[in-house]
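In what follows, chain A forms one complex with chain B and a second complex with chain C.
Now for the complex of A and B:
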């Protein structure tokens, strides 16, 4: 990355390129002879294609090929039995409305679009169901265990508690819909060499999937994905549409670019699925939790199973001897979901953290005091101490900042004209993951450091964080450090997901820098130099242009002995208009307890982005399916409402910023997920505090307030 | 999608000639609605007549009326000093619509002609009488949260989505149309239609006509007017319900009043009964409440939009109070 203008060590290394248009995203690569693909999608929800008329499309100007199950473009793995049933172009079955059934390739995008409109499919329709609620009420509908049932102590102990609540919470489909549309450029060349420009959260994962499907050696495949315009999880797998594009390139022997439409972003690249959850909580009269039961039902597809960690938090977040959970996945006739920011946990936290607020209300306790009272000393699920947890301090700092003292425990107490004010709090938690990764470091005599790893940056600022880690260890200014990523030929790293990148890749950067440091020290000693000599002088004296070290790094035994989590506390103030039902989030304080903050600016950005996503989840986002047709009603950015600037107040971010060296050598835990997890419950709790109305199905739109 | 011809013209007269020549021709103004409809296959004109170079962008006071050309952009009108001073209601209504980028290209004529945002209308795989006569109404038993509560028909319950038009109907605007015989004027309130048995028709513009301007008489409402738009997010969302309220007060007595509502009917909905009730009365919350109640007598919900039966009167009361407290 060149052209960096860093005013401050904490500035984003790619900031200049991003705001000036210099950052090149996958769709911007111009390859010689590039052709353009456009997908044809199913217009029924379930059944079979009985005929596909591609003649008119094939004859349309500029069309090179029309590929579908009729001509089965070569993909050796798809010729075998097993695996997902959704083998694109190897099945005539329709599993959901909007499923890709053909790709039209032409010499311009416009021509491909036109020709795609000429492809006519005929179907044999079958009965379908896209409605989770309906499936739950149908005893014959398939239901699968999403996670083993969990039980500690007495089952459903809440039922016999002195004070109890039992409620149902519903989340609608939420879509990732990052600004950048999904797609890929595939360039299949002679001798089965393939280069792709992808929008992926894992270049190695994309490489592996292509190798598997086409049965060619991994080394034949080069995946490039230097810049990604947002992912939120949807780039954690290689979708059928990407395979279709590789097939097309292989078939026609030319590079093919596919960029899907905004409407297609709703159907074929996953979502955060609808979930229906029940939470039962019981406590003693003086506010000690005595029972937690969390039961969740989430959607999956008919052709593939999808699970996420919806009911984890109930098992360890609060001190409680009796806990039981279950999580069931229910196939519906929609495209398969994919993990979305705060996967599972954000869904579960809405239910659990709303329920905690409801129980505190029943107890006539301040919900913050109730949480503090039930804060566990250790993880009761794993029966291990937490590696670190500063939640009480986080409660205190956040409460002070938002002005929690102004909150009245009695809902509907703060009224000014038509506006009612309320305060809400909620907790978020996510595994402090760390995986295995390799990093290569090249220290050069010109005073620069090059670091390389096949990791990704979907936006959090991977390169910036890594540069700061290296800068500290080697005492090199970040302006002299380059971190290369998004290239499958670099040393292997896992996909960017689960808030693990800083912890995983950062640890490898740490290890490489430590090793480089001792190499320099050795060289210095061998050439009779002072051990603290500058590496530039040492390399020059040794007539070396550079030294190079590659290290693989992963966590040690500490992981077995401790429970490791990142925590967040979200405080919000809302104003609710009593006549129109409009809810405004008027203040936000998010506190992150995620170890040492390595990169202050990008860390803050994570929390800010999480809060904005949280406003969307709480107040505006809902992808609506008309279950009579299995089709989305609001599949565009005018009708699917993500928050706009005017919905977002000033966001205060506070970090506890205490290192946890049990997790990794930087003492830093991940924080991409906790920024969002729990936020929607804080808003719902604040709305209750403002109005006395408990909204248990998101999003909280004016109609629900007025109901 | 079908191939189409693109033509450009620089005069209203020649635009009309081109319109009459083609079987299925459409004017292209800002294109913010038309192009979307073409992409979705909802409409497939054989020719597009680009009228962006037709000089119809004037915003001027002539006698006692403000004339606004059909090709004036939404932002040009909203930001114009004359409009801000004399017709602030129109300025606010425009600013409440769409986004800054859209308003920069969207025109007055196009805004009046924009089609409903009903999701079924946009999806050619679903039934919709407005798009395809006789195919049924997807919304009536489906997702109708955004739909009409007034003047509905069994055939269609769509709403006209414009904000600008709500202000224009409240302001007693007139629409000037041009055809081969010359100009014809109709009252703004008569421009749009109810769905009735012909939901495919949104308005009374004849196929051989062009909108050339709107004319708005001056009034004394500027001091006490308000456009209140209730929506699912603070900006860039269509109205659940919106109210344009204008009051002319003399010692808290209502000398003159204009009330219109958006998001509730197939056309901009003028609340004449409420206006008549309020005229000559004191500007009190009690009277506003009574007026709101009177406005709702014929309202009917279809399930998901039942909340509008409550939201609509509440919004009327709030808008009147806000208009009043402006002074």
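Now for the complex of A and C:
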């Protein structure tokens, strides 16, 4: 990643490229002889293709090939029986509406687009169901355990509690829809050498998938993905459309570029699935939790199972001796979901944190006091101490900042003209993960440091964070540090997901820098130089152009002895218009308790971004399926409403900023997920506080408020 | 989504019509061997003769002459023909603003404009905003206020922000937000974007 002289050490290292249009995303690489792929998709929801007429498309101007299950372009792994994923072009079965059934390749994008419209499919339709609620009511519909049932103490203890609530919470399908459209450029060369330019959160994962499907040695595959225009989880797997493009390149012997349409972004690259959850909570009259029951049902596809951590939070977030959870996945005839920011924990937190607010209301307690009263000293699920947890401090700081004192416990108390004001709070929590990664560091006599790792940057600022870690350890300005990523030939690193990149790759950067430092010290000692000598002088004295060290890094035993989580508290002020039901989020304070903050500017932006995502989840985002046809009816940005600038107020971000060295050497915990987790409940709780209306069915649209 | 029952207007019939209707001219102009050449070559010839249109545009102060199909959008012309890939494709429907460029000084969604509609016009893209290594004040402000994360919507945001200041729609944070709401940022950098615009506006810098 190119580095320019920065005005501020905390500025993004790739800022110059991003503001000048110089940052190259996957679709922007010029390859000689580049061709264009366009997908043909199914227009039925379930059944079989009985005929596929590709003649007109093949004869259309500029068309090079039309690939489908009829000509089964070579993918050796798909010729074998079994496997748990969709084998594109190796089946005539239709599993969902909008499934890719053919790819048309032509010499221009326009010609490929036109020719794709000429492909004519005939189907044998079958009965289908895209409705989770309907599947739950059908005793014959398949239901699978998504996670082992959990029980601590007495099952359903809430039922016999002095004060209890029992409610159902529903989340619709939400789509990732990063601004960059998904796709890939695949270039299959003779002797089975493959280069791809991908939109992926893991170059090594993409490399591995292509190697497996096409049965070629992994070293033959080069994956490039330096800039990724957002992912939010969507790039955590290699999708059938990417395999289709690699097939096409292999078939025609030319590079093929596929960029899917915004409409296709709703159907073939996953979503946050619909979830129906039931939460039962019980407490003593003085507000001690005595029972938590969290039951969740989530959608998966008919052709592949998808699970996420919907009921995790209920097991440890609050002090409670009696907890039981269950999580069931239910196949419907839609494309398979994929983890979306905060994944299941965000889904679960909406239900649990809404329910906590409801119980506090029943108890006539301030929901903040209720949370403080039930804050656990240790993790009761794992029976381990938390590595660090500063939640009470976070409650206090956030409450002060938003002006929590102005909140009235009685809903509907703050009215000004037609606007009702309310305050809400909720908590988010996510594993403070750390995986295994390798980093190579090259310290050069010209005063620069090059760091390399096959990690990604989907936006959080990976290179910026890594540069700051190295800068501090080696006392080199960030402008002299380059961090290379998004290239599968670099030292291996896991995919960017689960809020683990800074923790995982940062630790390896730390270890490399520590090793470089001691190498320089040794060289200094050997050449009778002062131990604190500048590395440039030491290298020059030793006539070395550079020193190079590669380190693999992972957690030690401390991970077995402690429970490690990042926490967030979201405070929200809303204004609800009493005549129209319009909700405006008017103030936000998000507090991050995620260890030491390494990169202050990008960390703040990540919290801001999470809050914005949370506004969408709470108020506007809902991918609507017409269950009669199994088709999305709002699959575009005009009808599927993501937050725009005017929906978002100024956002205050507060970090506790205390290091947790049990998690990693920087003392930093991840924060991509906690920025979003819980936020939607804070909005729902604020809406209740403003109006007395409890909306348990996201998004909180005006019709629900007025109903 | 491709329709399976789209029976009318197949490519063959249109091309057959062109071939027949132009038969006399074509015979006069073209040696008979060429007419017997592979169909794809004939297609290219017909496309050149009947389906492409000349275009003269100025992009970032550089004059371009092209001969292109009228169905090519300005966005695809910039990205695929001129390789000015700073302008981004986010939806192709004018719903996201990632493709915002200036045409004769006004911001437009380049995905909603066919390239050939811009005959004789002056276009500025993100690549034309900086003066070499010297960034435009808005670009500098976006870096300072971290007005982006993944960077994909950034070109469109900056082109829109510059126009927003020029239009005079920067009298309050609320007004800026309103006039910047045609540019979606899924990473959610909106407050930072507004900070950047406020700084440029209040700094009284020439935009």
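Couple of notes before you dig in:
Assume the second predicted complex is superposed on the first by the 704 of 707 C-alpha atoms of A that agree within 3 Å, B and C clash if a C-alpha of one lies under 4 Å from a C-alpha of the other, contacts with A are read in each partner's own complex, and residues count from 1 in each chain.
We adopt the following convention: contacts are C-beta pairs under 8 Å (C-beta built on N, C-alpha and C of every residue); 3 or more make two chains touch, one makes a residue touch a chain.
Everything numeric here is computed off the predicted structure, so don't read it as measured data.
Once the two complexes are laid over each other on the shared chain, residue contacts for A:560 go to neither chain B nor chain C. Look at A:584: by the touch rule set out above, it reaches chain B but stays clear of chain C. Shared-chain residue A:127: touches no atom of chain B or chain C. Contacts of A:377 after superposition: neither chain B nor chain C is touched. Once the two structures are superposed, chain B and chain C can be ranked by residues of chain A touched, with C on top. In the superposition on chain A, A:629 contacts chain B only, with no contact to chain C.
In the superposed pair of complexes, A:230 makes contact with chain C only, with no contact to chain B. Of the two partner chains, neither chain B nor chain C is touched by A:416. By the document's definition of touching, neither partner reaches A:81: not chain B, not chain C. Applying the stated touch rule to the two superposed structures, the overlap between the chain B and chain C interfaces on chain A comprises residues 43, 114, 117, 638, 643-647.
Across the interface of their complex, chain A is touched by residues 1-6, 10-12, 15, 39-40, 43-44, 47, 69, 71-72, 76, 79-80, 83-93, 95-96, 98, 125-127, 129-130, 135, 139-140, 142-144, 146, 148-155, 158, 173-174, 176-178, 180-194 of chain C.
For chain A in complex with chain C, the residues that touch the partner chain are 7-8, 11-12, 14-25, 27-28, 30, 40-41, 43, 56, 59-62, 98, 108-110, 114-123, 177-181, 227-232, 259, 261-263, 458-461, 601-602, 604-606, 608-613, 636-638, 642-651. Against chain B, the residues of chain A that register as touching in their complex are 43, 113-114, 117, 418, 577, 579-582, 584, 619-620, 624, 626, 628-629, 631, 633-634, 638-639, 641, 643-647, 701-703, 706-707.
Contact residues on chain B toward chain A in their complex (touch as defined above): 1, 3, 41, 117, 119-120, 123, 125-126, 138, 142-143, 145, 228, 230, 232-238, 240, 304, 307, 310-311, 314-315, 317-318.
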